[in-house]
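Read through the structure below, which is laid out as structure tokens, and then see the notes.
Residue numbering begins at 1 within each chain, and the chains themselves are lettered A, B, C and D in the order written.
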Amino acid sequence: MLKKAHITKLIKKEEIAKDTFDFYVEAPQIAKAASPGQFIHVKCGDGTFLRRPISICDTEGDILRFIFQIRGKGTAELAQKEVGDYIDILGPLGQGFKIKDKKAFLVGGGIGIYPLLMLAKKLKDPKIFLGFRTKDLVTLEEDFKKWGQVIISTDDGSYGRKGFSIDAVKEMIDECEIIYACGPIPMLKALKNLAEDRGIECQISLEQRMGCGVGACLSCVCKTVRGYDKICQRGPVFDSSEVIFDD
Amino acid sequence: MTNLSVNFCGVNFKNPVVSVSGTFNFGLEYGMYFDLNQLGGITVKGLTLKPRLGNPPPRIAETPCGILNSIGLQNPGVEAFLKNELPMIRKYNTNIIANIAGNTIEEYCEMAKILSESGVDLIEMNISCPNVKEGGVHFGTDPKMVAKITSKVKKYCKKPLIVKLSPNVSDIKAIAKAAEENGADALSLINTILGMRIDINTKRPILRNNVGGLSGPAIKPVAVRMVYEAKQSVSIPIIGMGGIMCGDDAVEFMLAGATLVGVGTASFINPTACVDVIDGIKKYMEKHNINDVNSLTGGVIAY
Amino acid sequence: MTNLSVNFCGVNFKNPVVSVSGTFNFGLEYGMYFDLNQLGGITVKGLTLKPRLGNPPPRIAETPCGILNSIGLQNPGVEAFLKNELPMIRKYNTNIIANIAGNTIEEYCEMAKILSESGVDLIEMNISCPNVKEGGVHFGTDPKMVAKITSKVKKYCKKPLIVKLSPNVSDIKAIAKAAEENGADALSLINTILGMRIDINTKRPILRNNVGGLSGPAIKPVAVRMVYEAKQSVSIPIIGMGGIMCGDDAVEFMLAGATLVGVGTASFINPTACVDVIDGIKKYMEKHNINDVNSLTGGVIAY
Amino acid sequence: MLKKAHITKLIKKEEIAKDTFDFYVEAPQIAKAASPGQFIHVKCGDGTFLRRPISICDTEGDILRFIFQIRGKGTAELAQKEVGDYIDILGPLGQGFKIKDKKAFLVGGGIGIYPLLMLAKKLKDPKIFLGFRTKDLVTLEEDFKKWGQVIISTDDGSYGRKGFSIDAVKEMIDECEIIYACGPIPMLKALKNLAEDRGIECQISLEQRMGCGVGACLSCVCKTVRGYDKICQRGPVFDSSEVIFDD
């Protein structure tokens, strides 16, 4: 069957932290096809030109859930949508996490925590490390707690542990057979190194500015052992051993 | 009965709509969104003689009603294309236009020679890529250079040769004429217009390559004007492109002088843009009782 | 204390924002919407030696994120300007930039001479108007021509001479250099990019002049790139313009290399655009703890 | 006091004929300053760039009324606005009708009838000639009837008289001392000629594509005895004797 852009209906909207919106849309086909780590490409409105990539956070029957922070014009426009409004969404897109039957660490930083929720649901008792800048930005704690042990860090120590998630991960690394991660580049770099040191598998989800979102334009590349790979098509999740972080 | 088919350089196109180079990869991605058999033609991603890595990311930036890109011609090279990509897309009943870019005239000639022996239907020579250091755009901004490269490549090119022109010029008419007089069978225009964006918070250009090519609706009026001007000065047919988002836009290009129209950036927003453009042209023709799409070409009644 | 004042060719501007030529008439219309004393400067409507009727309407067409215009330099002529308009606007405490266009080099010289004796502060030589048949743009697309006209006009010009460049060129660096080497005290860029729209229902161009100049946000990335490139090749200061809608856009131009910024089409949508841009620059400086607006100029950290 | 763009609130909206919308907005300053024949310059939304000129149809206290037909992208976007939404409006702009104490004919064709309503209110017993293409497009009949005798023509005769308003005007021209008109160019041309033949005054309202709407850009000119005059500033209402219709 041919894929298509879906006109979905916003049925629930919540501001779960300052400038952070939790959207539930009716999108049966996307919800059914989605797997953890995949993303959608969203037309935010008339005021922006390109679509915006957003991770799939969760699905429940016909409902697709995604969470985004206002970062610029597109996300600001999207945040204006009200319940009952329609949203044009392409997806699910990309390759998500490859689920292995191993003792899993989920590591998320900032907006990188959102794609991990659906993943947590599919794993057996994962340890979930969530990092935030500060207490006010802490979100989804309760959602994640249903699926595993949650260890929260804040950069300023205002909630949970003080410091970066990576420190907590390091302390418990002996219990880990596989890492699934999404977040800022320095975090992913550190995890990649850690995983390599310990010889464990590590899957990381990457971000890059996108055009088409479907692999047709070669805008969204990252450097891998193969050259420049398209994040929207080969990723967004890569095996950390493939990815080359250079500057 | 509405006739949508077009004879372009002796090749039959079932309709005047082609995908442009660089926004459609080798076709298969958008082949998941619509039946590629519906297209007049597919222009594949720009090819170079050897595989090319392309520019480091970020490679794309949004601008008002448009985008900047600086892909830098990432591609597997002409041989890998013929081996891995062409057989896949040759299965579809549509014309394949190979798009080539070189660092030297010799490379263009070499590619034209190789592709002339292949299953592609037409060859589009890109002398207007703004995103590579050597070659690319500098071949396309001086009529003398255009004359030279066209006449040389023409010797090796056994398929219809389309010369793709740069909009970064003062006098598109002179460039168009130089291409025609030296053997071009057709022209395509426009390629992207060189642009730049700076992130005012980091003070860094958004594109890692500093500058990139502007495409999308923002450039449509410039593209329409250039197609119109080129049409005034040459008699070879033209593929018009630059910001086409819908059938009405395509009709505007045809009225300005285009025989075929190319859909590029639009696909990023609407993955079925190419076929929606075909439908839109059809609707326009029905509304205006036009039987033959060819009658649109150059139909503008200028003051 | 934030310093917004800028010394431009020896003239003090209280802030880097000027209205551009042709979108602000002689100032009084927008003077009903804000206090003109707030502006760094006012560039008046393009002047010719004799009164000019301009092109027949329609003279404007909307395009995606922009407009096309083909006013054709309607103006009362330089003498009527000095007699009727200048005294009115000279009352404001802001710099007046006269913008001139001629059919021949001699006309440019003559106007420079007349205006040098007048109360205007600077003279902007428009060699890039796409909307007139003779003169205008053809002076601005060939470095040799730019050199010639600049050196001749410079002889008669006793005020700072700003040369306004056309974006309809392949190599803005060469043009900028030609102007600098032949006596330009400053550059301004960009003028509009030539474009066209066709009404697909009537098959007629929307503009009675067939083609017109594209301005507004659509051209901003092209303008930023050209300011950036010009800045690389000359050391005279630059007025940057093309699609500036807000303070952030102005900052982007300054980072690219502009010393002053011009606000044009934006006023049509927002009549207080000029002062809103000043406010926006101030806000940006406060947010980033920047004390001197001059430190923005050329501040881009290119890769 | 300085003029400014006004953010007005849509408080009533009605589709009075197919694709024809009657808008009432809260705009105290505009409503107070407005005189018949002036216009407003309206930001229709994010999907269009320039403002759109629309005639002032009527005012009542703080309320400004205007009526428009969907003709393209801008008017289509404006028609999407719902009660409670805000609309950015510049105005009142231009020079309206100069009201004279004479026996008046008001002649309106198509969308040209809207600016005549407020004028009708200010005149003593005007004769009001309204022309429409067909019955379905007939609007404002009741509104106008309050202020004078209304003579409706439709091109196809489906309502009122068959033919153009100009024919009805000609029949009664002896009763006329001044004509105020707005509508298609051929109608205005015919009225200009008629008025010149009879030596009576004739004020006509013109349309042209606009940029600024305030006289700064010289986009919106028409040919007059003085050269090209700005419709937005010197007009939209001109004395027909000044205007040169050439083609």
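The working rule: a contact is a pair of C-beta atoms (placed from the backbone, for glycine too) under 8 Å apart; a residue touches a chain by one contact, two chains touch by 3 or more.
This is a predicted model, so every value here is computed, not measured.
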item: Where chain A and chain C overlap in contact partners, by chain label; value: B, D
item: Approximate Å spacing (C-alpha centroids) for the pair chain C, chain D; value: 36
item: Distance from the mean Cα position of chain D to that of chain A, given in whole angstrom; value: 55
item: Separation of mean Cα positions, chain D and chain B [Å, integer]; value: 46
item: Geometric centre distance via CA averages, chain C-chain B, whole Å; value: 33
item: Residues of chain B whose C-beta touches two or more other chains; value: 61, 63-66, 216-217
item: Junction residues of chain D, two or more chains touched; value: none
item: Chain contact graph, described as a line, ring, star, complete graph or other shape; value: ring
item: Touch relationships between chains, expressed as pairs; value: A-B, A-D, B-C, C-D
item: Complex interface listing, chain A residues touching chain B; value: 2-5, 43, 48-51, 74, 90, 208-223, 227-228, 233
item: Sites on chain B touched by chain A in the complex; value: 22-25, 29-30, 32-35, 45, 53-54, 56-67, 69, 71, 74, 206, 216-217, 265, 267-272
item: Chain B residues within the chain C interface of the complex; value: 61, 63-66, 68, 141-142, 166, 168-171, 193-198, 200-205, 208-211, 214, 216-222, 224-225, 228, 243, 248, 251-252, 255-256, 284, 288, 299-303
item: Residues of chain D that touch chain A when the two form their complex; value: 45-47
